[in-house]
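In what follows, chain A forms one complex with chain B and a second complex with chain C.
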Partner chain A sequence: MKNLEDLKKQIKDGLSELDVVIGWTDSFDPLHATPHFMRSEADVDKLKVDALCVHNLATYLPSLKGKKVGIVVKGCDSRSVVELLQENLINRDDVTIFGFGCTGVVDQTKIRRAVGDVGQVEACEVSDAEVKLSVAGKEHKLPMADVIADKCQTCRYPNAVVSDQFVGDEIKATASFEDGYKDLEEFEAKSTEEKFGFWLGEMDRCIRCYACRNACPMCVCRDHCVAQSRDPHWLSQEAHVRDKWMFQVIHAYHLAGRCTECGECQRACPVDIPILLFKKKFNKEIKEVFNYEAGLDPEAKPPLQTFKIDEPTIKEKEW
Partner chain B sequence: MAKFIKSDKVSAWLEELGQKHEVLAPRGEGDSIVFKPYDAKKGFNIEREATAPPKKACFPQSETLVKFSHIKDLENPEKVALDVKETIPDSSWVVFGSRPCDARGFTMFDRVYLNGKHVDVYYKARRENTFFITLACEKGETTCFCNWVGSGPSDPTGSDVLMVPVDGGYFLEAVSDRGEALLASSLLEDGGSKQAEADKVRADADQSMGEAQDLSKAPAKLLEAFDDMGFWEEQSAKCLSCGACTYLCPTCYCFNITDESDGVKGERIRSWDNCMSSMFTMEASGHNPRPTKAHRLKNRVGHKFSYYPDLHDGVISCCGCGRCIKSCPVGVDIREIVLNAIAYEAKEKAND
Partner chain C sequence: MPVLEGKELRIVGFLCNWCSYGGADTAGVGRFTQPTDLRVIKVPCSGRIDPLFIVKTLMSGADGVLVSGCHPNDCHYAEGNFYARRRLEMLKRFIPMLGIDPDRFDYTWVSASEGQRWQEVVTKFTEQIHKLGPAQKIEGPEAEETLKLMEASL
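Moving on, here comes the complex of A and B:
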């Protein structure tokens, strides 16, 4: 990030008023970043912001309700903050948002696909153009276009949509809504049997760890989730694919009109199940039925949390 | 007894083993590698450590303990009899291509389920009938720390056969008597001439591991930090409290028991529990002794590096496979937490 020093200064200036500021820092190897909870100037000096900073830190906000929290957000992360504000899950006065214009983050799965094994990363350099890696003594140069997350390739909101401090220049987005759903349209063209077969195959390796749920900034039920509740007893504790599948369907329904497609569910999955596709399906439907996109306007209400006698896009009186 | 198998004969060997046993082998699925019943058409992948360990071989994610049904008495409708059938597993399994950490992980289970006050009959039935053909690692990954916990990249503990990759195939050594029987196949050649090469691979692998940290003070230090919730909140700040680390852990053995019924029939199952879950140790009264993620992560680290070693001759209940670090969605690093706990006192003094 070009303006990292400016961002650090903004955070240091705000630190005395805040209990904690959440950003990113270096992780266990040079290819990974990790969420970073900053309380001192020395902590802020360790802040890192680049294409490896994939985590949507908004996930932490509801559990820090009542504290004064600063948060560093990319465009997509800021949409989760907006959504949390809409649902009164956080208080605007308690959150200081440090936003910036994001040029995209890497997809670690794509990097693994390209390199084969990233167990022994010795060095990593990230620029807007490429990821340069040294793995077990071998050099790899991966063009960013090949390893950037899919969501970034079709991003329409690279700049934080809400912020108290914005650092650096705004980034211009060029993608359209439709661009983001081409993969879904390809999938929808398959037969019902093919689609169901695909999901049974993918969900079979799910370990029911619920990383998808806990990484999701909008999955706020967490400790009261139907997946583990015995009363009501919606799902069994068996390792059967039908229960795993059922949970994903429930998860997707709960996020209809709320999901901002940050992709944390899929990124968090340790066994790489492409579960974002579920969420995209619901979002595409919500756009068609309610002409609504989540996480853009703090004053708006998600369509499934409100009721209008006349929905502008549903012409039931003209049927 | 040392044998050698050519790389292109491995599939045939697995098929041969499959005639007598159920074979679990790692294979690529999507972008991950998971242990599945071996299927010749789908092959196997032992190029890198599997994403998920073969824990289910001896400890399935969900396992039927008994099957039951309620039988109504037609003469007396208020009288209901209960028919219960115990379901002890009776087949045998071969786990192929697991890593030394994976096989050694079950030795932590053994102390609890086989050698403790009570013997777990379900675990025993599987454990005694499961054979491990383990592949020694040629090099540690950045997340590997088996050498910190008293092991190493070619540690044979818990394995029946140890495979070492050599030119053109694998050098095979029986570690147990049961392993000798697995090496009786005519597909295998005498391995004597490959011994020196295999020894070098093993020595190089040991060399590739970073310096081991001394964890001998961890049990006492973790107890010392036990009541300092500020310390634990700091250590767990970024944790999402999901269960990926425990479910991918070859040494996590906590379970839950539930009855899953449908009408008059049902099963009592045992399924993996997870100390990161809010339901873990939730009491019937509604009291939860581990109400926050800080309490839960404290339990996970404390159990492995303090409470378990205190009960089991100092043995650390972690095999150092590093999956909890590698697959954590937010990069929580258990090594870092243990080292912070070991440095706990020093930190306190520095603040004075």
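Moving on, here comes the complex of A and C:
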């Protein structure tokens, strides 16, 4: 990131009034970044912002409610913050948002597929054009276009939609709403039986680790999640595909009209189940019926939490 | 073997206590002929119906689900069915994603006095499900076997 020093300075200036500022820093190997909780100037010096900083840090905000928190956000992350504000899960006065214009993040799965074993990464250099990797003594040069996350290719909000401090220049988005849903349309072209079979196969891999739920900034029930509740007993403890599949539908349904498509659920999935498709489907339908997109206006009300007496856009069946 | 085995499908109806359940009762009192495939679950209000009830029902082996509540503006709790309408419409649009035919689920409004309309709705919906035939089932231990296993472990 070009303006990293500016960002660091802004954070240092605000640090005295904040309990903690959340950003990213180096992780266990050069190919990964990890969330970073900054409390001192020395911590701020370790801040890193580049295409490896994939985590949506808004996930941590609800559990820090009541504290003065600073947060560094990309465009997509900022939409999650807006959504949390909308639902009163955080207070605007307590959160200081450091926004910037994001040029996209890498998809670790794509890197893994291109390189093979990424167990021993010795060096990694990320630029706007490519990712240079040194793995077990071998050099790899991967063009950015090949390893960028799918969501970034069709990003419409690269700049933080809400921020107290904005670093660097704004980035112009070129994609349209429809661009983001091409993969969904492709999937929807399948027949009913094919779709059913597809999910049976995909969901069978699920290990019910709930990483998708824990990474999701909008999954705020956590300890009270219906997936683990015995009363009501929505899901059994059986490792049966029916329960796994049902869990994913519950997850998607609880996000209807709230999901900002940051893609954290799918990124966190250790077995690469394309669960973002469910959420995209809801978003597409919500846009069509209610002309609404989550995470843009802190004052708006999610469409499923309100109603109109006459619904001109809902066409009911005539018997 | 029951007489109707093979002729009947498993259809679940979620009916609101105040209008549609009354409507179904009116139809019964009026002795209107109805298909017998539908099993009724009475709920306090259509707004009580979590769309996940329907997904769970379909995934657990139902061939069709019908939801019926009070007509909009006639809800006993003033606005329950308005919320229900939005949720159910979203569900209707979502279930094709799961590989379930959207025609296996429908929602409608029937008032307590509309026995005739109830008969019509049930008949048409049942016909619609029979046209689709039995739904694809998720293979796995049947409920009875699970129960046996549970009993054995107690």
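Operating definition for what follows: the second predicted complex is superposed on the first by the 309 of 319 C-alpha atoms of A that agree within 3 Å, B and C clash if a C-alpha of one lies under 4 Å from a C-alpha of the other, contacts with A are read in each partner's own complex, and residues count from 1 in each chain.
Here is the rule we use: a residue touches a chain if its C-beta (ideal position, glycine included) is under 8 Å from a C-beta of that chain, and two chains touch if they have at least 3 such contacts.
Remember, predicted model here, so these are calculated numbers, not experimental data.
Q: With the two complexes overlaid on their shared chain, look at chain A and say whether chain B and chain C clash or fit.
A: Overlaying the two structures gives a clash between chain B and chain C.
Q: Looking at A:L52 after the superposition, I want to know if it touches chain B, chain C, both of them or none. Which is it: first, second, both, neither?
A: neither
Q: Let me test your reading of the model: by the given contact rule, A:A160 touches which partner, first (chain B), second (chain C), both or neither?
A: In the superposed model, A:A160 contacts neither chain B nor chain C.
Q: Taking the superposition on A as described, I'd like to know which of chain B and chain C A:V44 touches: first, second, both or neither.
A: neither
Q: Examine A:F307 and indicate which partner it touches, taking first as chain B and second as chain C; both and neither are also allowed.
A: Only chain C is touched by A:F307; chain B is not.
Q: Should A:G119 be classified as contacting the first partner (chain B), the second (chain C), both, or neither?
A: After superposition on chain A, A:G119 lies in contact with chain B alone.
Q: Could you look at A:F196 and tell me whether it touches chain B, chain C, both or neither (first, second, both, neither)?
A: Second partner only.
Q: Counting contacts the way the document defines them, which residues of chain A are shared by the two interfaces, the one with chain B and the one with chain C?
A: 238, 240
Q: Can you list the residues on chain A that touch chain C in the complex?
A: Chain A reaches chain C through residues 188, 192-200, 234, 238, 240-242, 245-246, 249-250, 252-253, 256, 277-278, 281-282, 285-286, 289-290, 303-304, 307-309, 311, 314, 316-317, 319.
Q: Which of the residues in chain A come into contact with chain B in the complex?
A: Per the stated touch rule, the residues are 20, 27-29, 32-37, 55, 59-60, 109, 112-113, 116-117, 119-121, 136, 202, 205, 207-211, 213-215, 222-223, 228, 230, 236-240, 264, 267-268, 270-274.
Q: Show which residues of chain B lie in contact with chain A when the two form their complex.
A: Result: residues 29-32, 34, 47-49, 51-52, 60-62, 139-144, 234, 237-238, 240-244, 246-248, 256, 258, 260, 269, 271-272, 274, 277-279, 325-327, 329-333 of chain B touch chain A.
Q: Of all residues in chain C, which touch chain A in the complex?
A: On the chain C side, the touching residues are 51-52, 55-56, 59-60, 72-73, 79, 82-83, 85-87, 89-90, 93-94, 96-101, 106-108, 117, 120-121, 124, 136, 138, 140-141.
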